[in-house]
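Both complexes shown next keep subunit A, but they swap its partner, so subunit B is in the first and subunit C is in the second.
What follows is the complex of A and B.
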């Protein structure tokens, strides 16, 4: 065979192929996306029902609980989507298909990037579902159509981050069972933020943890367009939080990927 | 990358070479310092029971696993230092057909083409050709989940050939296949070797498969190479044919004593005594008479020419798992 230089073009093709494969798998077996779609829908419906009267408390920030809870549910869906993307890799590792991917003659990094891209893409499905249900509940676009963009950016980013966290664990332990660790971590991270109530409603250690939890900044960034105008002062901390989490989880997952063949 | 210029004693170009190759998993030594070399265009059989270290060796040679010690070269390229370049020239069909059941045959072929950087136009030509060659044209758009075990194996083989590798690693290619599918797979392996000159490194625990396909065989047991050579040469080292006698357990010791007079005892399954019958078939009558004189009732008696199982037994002191199934 002739020698070929496999450069950036090849990397892009691999990312696209891995991402496309994931989406085709959803087409082949829609049940793969059902939990990711249903859980945030259940969240938005149950939380808006349970916490609806909070809007009457002074300082809650909105008179419609959907304006607060929609983003929280969408981000929960994004976490599920991210963990699910990593779970697909766990499945590949367990059934041996991942070996076939590792046999690519190019860099193995596009395999990781393709999985992350797939997770980000699939997170748009629950986000859209949550926004649709919330719209029926009276979700307001106070910040205009840009509000939708911030939600999609935030959810895609969160799905990517939690996919990378999941891949770090999966590359290390190589089993589907290890994903429980990531799910617990994802849930905990979301609960220990301002997902359900504003930060000044939280007391003691919960307040302290939520204040330093980067997800709080992501929530502020994604939620701002439903509570009022979109401002740079709420946008950049959210983007920095996403970028920071992405960098750390990306570095850790790359390290584990390199150790996979060791 | 240039190929290796190393030659075997017969002048053949070496394309797979391992030197003191070791792989440990914690305290467990899966591969314990093996040396081997495979010439270009050769079909090399790597024979051993389950857990002997065959797959671990293949995973190291195909860059999927880093050796703990020693070194290995594929076409002159070190498998650790030049792993991507090695992956470009090898095709690999791993144990248990590593294919995604939710994808179709066509999708998997195209994905493999992308992974190997094959231009789309080229892939469009090669993929249907390969699917046709392995008899899967009609099933190409069906999900792999609907394939039989034999179809999966054939698809796995086709996938591993998409980038036209010059060296092919087949890890237990016919495990779990029915006899018809196994024969078809063997024929395809022979054709690849004969028509395209593909070097084939084949691991198997089936004696017949190694005997049928391989020009040269290495036997591995507990991570160590115990024998290496052509099937004919290896069988010749065993010498005399093996006489196997099935008896009631109460006669076991008496039978063993009688048969010891006819040649060296060889490992056998439970309820059976085996000896290397010196003098060959001509002495079977003598054996029967001696057993009869000793009052031993024999339920079954057979005489086999030396087989690879005898080679394995002679080297390790036990029979290869499943060899007599």
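What follows is the complex of A and C.
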């Protein structure tokens, strides 16, 4: 029996089983989701509370700081969710479960896709939490209900990307400790963007870095519906950035998975 | 062993030093655990300095040449807080793996069991504090209070580690679980963000401002910041060192009581 003969149906059931296993794990141990949920909530409360007066600076772009910070906190939560998905694989590698997965017949790709799907799905929990708290703070939907859709697309996408980055590292080093590297990378990448202030507020090297950081485009895409109308000119660069990051991290993680399975 | 005799006190000091040394060596061997505590605060300071330049012009913001001067105490506090719970985590690890029971079986006083690890965390915090201040000075930050104020600033950070470390040890003794101790980190992280660490409370509003003003972190950050921005003042020195000292006395006393109860119960 080969991967080819098992077909797409089998691949789909493996993806669904791995994704479902992750979600059941959250159900069985809710403490697993607490950091992923709590950290972005702490971010949105802290950033809006501490930096609320930023709206008084000319050119900030909104008079309610929640409209700016909510998306940033939600995306940070998505990064944590993505890294957390990869951490589950690190756990499986350390306790030997992953070796048993590799012994099963069929392609290895659904194992990777299932983990990514799990990460994207679980990112919806912190995103919903952040949007709920922000709504209490007066978050406005200037772009209508589509604004919510853009946030969920962006956060699911970011969770998938950072899960793939995490998997690349974890397939290579096979330890939970290696996830610290991905956390540092994810956290730093978010800070080196327009997370807290518009790009024209940034100066020096930070302005140059934020301009080329693809996350800046993802933030623009996700944030547009809270600042004004949703436009195609802000949408496509965000989707391209997500797609590009997904392709690169996907190729890298697949390469490491093949090495691991060889 | 009695601590009220000169021999007992000397022995207890030697035991504390030995456990402090063990704690520092353990940190040195796991530099990967120390690095995030240096990299994150410095990265955050670099980013905030370049993104909040317009903010320092807002009415109500303290008079500063650069946001770098303003954010120095926050970065320092953030840096040392990363390893602050380590004293508790180490104690919980020792309880989990049985080393603590072996120490108890040895002729070792009770206080060194706690102070040894706290001493290690404080030594690491002092090294981190000096490093952070040096990096800030290299990038153009100025401490108006001069070298004496610099010593006070680092000493305040070290005392904060003692306070947080004491709290970590209370949890370690009560639960004997590393995860439970690690759970204090988000609490510390939140306390820093919900204070005047990154923005003055005068520019905050509503309930958040009330929380920030009532937050002990603000009571420490504000005098430390005045020493950096405005210059030497005995009242600021007293507040910068007094508040974390009082907190340390409270948490370390709680740890000693918890240890006494644990040892009494077994």
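Rule of thumb we're sticking to: the second predicted complex is superposed on the first by the 257 of 262 C-alpha atoms of A that agree within 3 Å, B and C clash if a C-alpha of one lies under 4 Å from a C-alpha of the other, contacts with A are read in each partner's own complex, and residues count from 1 in each chain.
Just so we're on the same page, a residue touches a chain if its C-beta (ideal position, glycine included) is under 8 Å from a C-beta of that chain, and two chains touch if they have at least 3 such contacts.
If you're wondering where the values come from, they're calculated on a predicted model, not measured in any experiment.
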{"item": "Which superposed partner A:106 touches (first subunit B, second subunit C, both, neither)", "value": "first"}
{"item": "Partner chain(s) touched by A:28 [first = subunit B, second = subunit C, both, neither]", "value": "first"}
{"item": "Touched partner set for A:13, first subunit B, second subunit C, both or neither", "value": "first"}
{"item": "Partner chain in contact with A:96 - subunit B first, subunit C second, else both or neither", "value": "first"}
{"item": "First (subunit B), second (subunit C), both or neither touched by A:184", "value": "second"}
{"item": "Where subunit A meets both subunit C and subunit B, residue numbers", "value": "none"}
{"item": "Residues of subunit B touching subunit A in the complex", "value": "1, 62-66, 83-85, 87-90, 92, 94-103, 107, 110-112, 114-117, 143, 159, 163-166"}
{"item": "Touching residues (chain side subunit A, partner subunit C) in the complex", "value": "35, 38-39, 42, 45-54, 56-57, 177, 180, 184, 187-188, 191-192, 196-197, 201-207"}
{"item": "Complex interface listing, subunit A residues touching subunit B", "value": "1, 3-4, 6, 10, 13-14, 17, 21, 24-25, 28-29, 92, 95-107, 261-262"}
{"item": "Subunit C - residues contacting subunit A, complex", "value": "32, 36, 39-40, 43-44, 46-47, 50-55, 58, 60, 186, 189-190, 193-194, 198-199, 203-206, 208-209, 211-212"}
